[in-house]
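Quick heads-up: structures coming right below.
Look for chain A in each of the two complexes below; its partner is chain B in the first and chain C in the second.
== the complex of A and B ==
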């Protein structure tokens, strides 16, 4: 895969940061010379044979290198995998997401899988750090841990264990339940042989296989081409298909969802606790009969499914977008809708590249009705507080009058209220989703199926919207609000000459010209000359301004890669300045006993260094958000 | 004199800078350090802080893991004239007692299919790396009915590699023998000659590896080696001394 200079630089820095210089050297060599056999690689990289063999083995383990053994000459060729290298930077986000959704133990399992590259379930089970539920290094508040454990326990393995008391030490970790939860969410996938070959090789191999088949050869002309194309697609799909979520879903929902019920309202244990139980029983019959912690297929080899995690991260991004101009309750409802959508979405888009502006059709997700969403919403969540009291029907007046008082946290009231408010809550959920479907973002859209309103999301349009918002944010911060107005006009109207642009945007000529000139030098807008005669005299030429979001996106993406790699280099420089001190803190006797061995000033220095590094890493993470918007969503 | 006594202003006085204090004439040089608002990053939100912590934890695990490996550990016993030797730090680079607590860096990823945290599943690796994972594996013995391909394909390979070798040599000449290994081309020849030669080649390779491994450690023999080299310089110094006397 050809990549730009800065992207390669970034990947190399990431690999170096995680795995050291040897990997980085092999990676850059492969990146520079594309695919190489071992002797060639040895020649170009100037490494010893042993270094190369060990390095390549370890890199294949981490999926940083693809290989392909040709059947014709029996040579093995190696190729770099920049995709996997880039995703090293997203590991923090991925782990945080998993922790949010499935609890701390699941995050630890995930981290182990990230660390191992790929691994069989049976091997993973034997890892010492995954044996107990409590982390080996206590890093959280005790109370928080307790809550998490309780949560996991009641979600996953209540009936299997005879002792009902919550003794965290004696409890073996719900390893299989967690693995199943991760797999059924789609965050893990099965490792197939084809995953070790680059996508291009897979395609070529499939082509070769298909075209050598006798029944294909018998076909002629256009028909043959069509059959070959579809067969190739099918073969590639069969070879790389690795989804685990479908077979592990229960009633179309993944297992072990971490419920938010009762988290915020600790005072409501009596009423809501009961309610929560019944809810779980309704929705989770499989959990009830203890079949959950049965071991997974032990020979199964799993790895992290980055495609699916991108979907989850994208949904989180849309929820923050919703939070910006909708009440928190609405954002919560939206979050639940997106969860349901996520279970049925396997990747962010079907095409490899982001299609060009205005050439992309909308793809709608599966429609989901409000009742299913309601099942996931925290019953204590006040859905009605965001709306003005209704005055149309008599019942609504009644409820409307009462509503502002109702949001007091009052357990038994809620409990008794629940039955009667069933359909009403559905109506409220619909109202919230209706609110989200409004412009400017159109976060949802409604379809009526058999008279029931169902909700769906048009991700392609929303992803485009995200890109535009990101660009506008950037333009505004660089060139001010005049520029943003000009850009919006140009985007809406297409190519315009200066006079027309001025008329539409209602800006003084001076401002307009200044902004346009500075934006042109920044590469955001461009000028097209249309000569009226063959001489191309400037007086007889029409100059048209235009704004091409695709072009701007790709150049910004490159800038972002560059900024990321500069930030990582900065961390290296800052580290180099404190090298001796940091080496001291990393000594095997000092590490873990910092308070004991370091002086007060040194501790302070260490803390300052950690804060500084955190700031820079967070900056990289923010830039990575932009990369995700421009490249992945 | 008389021209200026009438209270008229000096010629050119209308262009004086006093009229517009702080104003800069059109021809003035552009300021070297224009006013610039330094952008500040936002403070980390709690979510970001958690993400960073996760990232750092994961990175630290990778760094502590058996696959983290650096290229050259600079040491006093490195080969003469190499970068490692030149960059050797004489002040802190010498091995000392406290050095045993220092973090040690591998120069080679540690591949241990049984003991380490990693599990190597053979079928996911190319055949030519199997011996790296499991040293007991013999490439010429068939496993699971799989026979290494030989015969007709060999011809093609031989031809290709001859070409490669030639290439190597010419390039090496151009690079003026800068390569870190002398037997580069020869080894390749061996590797490519015959399947049977592979074992011998492995032994050869092992020997070479020993050398490499020693490179990381303190090497008493080379200590005096270095001394030999210095001797020449000393000689010159002595000569100078004689002259003075």
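== the complex of A and C ==
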């Protein structure tokens, strides 16, 4: 896979940060020379055999390197996998998401899998840190979720190992149930042999296999080509198919969904009952079928399914988009709808590359009706209070009608109240979704099937809107709000000359020209010359301004990669400045007992450093959000 | 001939009056038409010719060439004819060219081409016509550098002036902004339902139960609720036009077309949203927010480095690399590098406060 200079730089930095210099060296060598056999790799990287073998094995374990053993010359070739390298940066976000959805323990399981690259379920089961529900604390360092990302960074020196003395307290962890929940959500996938080979190799191998088959050879001409193409696709699919979610779903729903309302009763700001919460957070249907915690097939090897997690992360972005304009209750309803859509969406898009603007068709997700969503909505969420009455005359009636519901929420008898207002709530959910279907965002769309309104989401259009939003934010901060109006006019109308542009945007010529010129030098708009005669005199030439979001997106993506690597490099610089001090704090006797060994100034300095590092890492994560929008969604 | 002169003149004047009476002002008269008014006795063609010629001489008729090279006449109003009679031949020629251009005006070079007059003569003619207040210069928005003329009594067409938003061919930014602000606020007031205080409180309580305390709604006394999706009460362009014209913020009456132009602009600003293909308009911000952002506007000019960010921030706008002017030159180990970057330290200070 060809990557740009900045993307490669970033991936190398990420690998170096997570796994150290050896991995980074191997990775850069493979990036620079593409595919190499072991002797060539040894020659170029100037590493010893021992180092190389250790390095490559571990990198294969983490899917950072693909390998392929050719049957023709019996050589094994190695190839870098920049995609996996890039996803290292997203691990913090993924853990946050899993924790939010499935609770703290699930996040720890996920963390262990991320840390191991891929692993078998039986191995995971034996890990000491996954034995108990309460988080074990290595050496006294609090394992806060804020620090998850840093933990990932420092994973090399701190392999999540406990001191061992801590006997697992409390009841045994629902390990298998958690793994099943993760798998049925699609966050985990089965590792197949083909996953260790690059997609290109898989395709070629499939091609070889198919074309050597006798029944294919018997065919001729166009029919042969068609059959070969479809057979190859099928074979590749069979070999790489790794979805675990379908077989584990119960009634089309994944297991172990954290019930939103259950969680609400616990009270987030409670603080005291944090430990009890971890027990109740996950809604286990233990009473129903006791089979839930039965072990999965122990030979199963799993890894993290980034494609599916991107879908979940993307949905979170759409919910924030909904929160901007719509009332909080509507956003919550939307969240529930997207949750249902997520279960049936396996990847963000079917094509490798994002198609060009205006050449992309809409793909609709499965339609879902309001009644199914309603099951997931917090019963005490006030659905009706979020809307104004349709006519101002009926205002008092409507408000009177709402009162019993309010009482129900405040009192304890919401159960009975809910049942009575059942169909009413479906109507209200429909109302909320209808509000979302309105411009400017058109977050949902309605289809009527057999007279029942069902709701679906047009992800391609929404992903495009996200991209435009990110670009517009940059334009606004760089060139001001005048520029945004110009950009939107150009985007809506295509190529325009200055006169038409002025008429539509209603901006004075001076402002318009200044903005256009500065945006052109920034690479956001371009000018096309259309000469009226062969001489191409400027006076006889029409100048058309245009805005090409595809081009701007790709250049901003590169800039974002670059900014991410600069930020990571800056962390190193800052660390270098405090090298001696930080080495002291990381000494094995000091770590975890900072308050005993360090003076007050030193403690303050340490805190500052931690803040600084957190800020820089947070910035990298924010930039990653943009990369996700421009590249993955 | 001389004896016949007064008779012809009399007849001609009769013919003229009859024509004015029976046809509208820009009717093209063929020979048939002139005979049909039955002023000329015996349909005497020769006599008609003489009369017509006499009228043309008096500038009461304009001679034109119609289809199939037939002669066509048109009436000229008596006042105009009076003017024309006072002009020299060249001036008359220029005047008629300008007259023919109507409300759109004519470029000086086009006058020259059409009249075939020498530049100095043409300039003299234009000067004298202008001093007599027969013609005037106009600014054309499309061609600001071209010198255009049109009859003094005419108002320039929309094409020439660019519509209601231009004064003297220049876009009137202040006027536009004040009208746009008014429209946004008006539409906003009709797009949101103002919630009374007690409902607002109960909302708040419910929110805290959800564990999602909304800070905004607590600080504001007024809260605004959106209307359901099929709400029919959003303002239409006609209603907005009426509101603008009644408000007295414009010295002239604005047409619905100009208002729609402005509404489109507001849509591009994402301040308004058009529903049902522009049948209704809805505001995205509630009236309080509109008021707040409009009050903030003048302050923004004084503090230029911090523009209002309606769209929010993203990674690139927050990072020191985003606005960095030398970002493209930045390489590790180079003259501009992450090691020597001078933007990071102020950034730490700003974000961490030390």
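Convention: the second predicted complex is superposed on the first by the 554 of 633 C-alpha atoms of A that agree within 3 Å, B and C clash if a C-alpha of one lies under 4 Å from a C-alpha of the other, contacts with A are read in each partner's own complex, and residues count from 1 in each chain.
Following the convention adopted for this analysis, a residue touches a chain if its C-beta (ideal position, glycine included) is under 8 Å from a C-beta of that chain, and two chains touch if they have at least 3 such contacts.
What you see is a predicted model; the values in this text were computed from it and never measured.
After superposition onto chain A, the partners chain B and chain C occupy separate space and fit alongside each other. Contacts of A:503 after superposition: chain C is touched, whereas chain B is not reached.
Of the two partner chains, chain C is the only one that A:623 touches; chain B does not reach it. Contact with chain C, but none with chain B, is seen for A:380 once the two complexes are overlaid on the shared chain. Contacts of A:558 after superposition on the shared chain: neither chain B nor chain C is touched.
Residue contacts after overlaying the shared chain place A:435 against chain C, while chain B stays out of touching range.
In the superposition on chain A, A:615 makes contact with both chain B and chain C. By the touch criterion defined above, A:119 reaches chain B but does not reach chain C. In the superposed pair of complexes, A:357 makes contact with neither chain B nor chain C. In the superposed model, A:111 lies in contact with chain B only, and not with chain C. Figure legend note: chain B and chain C, brought together by superposition on chain A, show a least Cα distance of 5 Å.
Of the residues of chain A, those at positions 615, 619, 622 touch chain B in one of the two structures and chain C in the other. Of all residues in chain B, only 41, 44, 47-59, 61-63, 65, 67-71, 92, 101-103, 105-111, 117-121, 123-129, 132-133, 148-149, 153, 156-157, 160-161, 164, 168, 171, 179-181, 184, 187-188, 191-192, 205, 208-209, 212 touch chain A in the complex they form. Within the complex formed with chain B, the residues of chain A that make contact are 17-23, 25, 38-40, 42-43, 46, 48-51, 53-58, 60-62, 67, 69, 71-76, 89, 91-93, 95-96, 99, 107, 111, 114-120, 123, 127, 191, 193, 196, 301, 580, 583, 586-590, 613-615, 617-619, 621-622.
Taken in their complex, chain A has these residues touching chain C: 264, 267-269, 324-328, 378, 380-382, 385-392, 399, 406, 409-410, 431, 434-435, 437-440, 469-470, 472-474, 476-478, 480-481, 484-485, 488-489, 492, 499, 502-509, 511, 556, 559-560, 562-563, 566-567, 569-570, 573, 608, 611-612, 615, 619, 622-626.
Residues 141-142, 162-163, 165, 170-171, 173, 176, 192-193, 195, 199, 202-203, 205-207, 209-212, 214, 225-231, 233, 261-262, 264-265, 268-270, 273-275, 284, 307-319, 321-323, 327, 330, 332, 338-339, 341, 344, 348, 351-352, 354 of chain C touch chain A in their complex.
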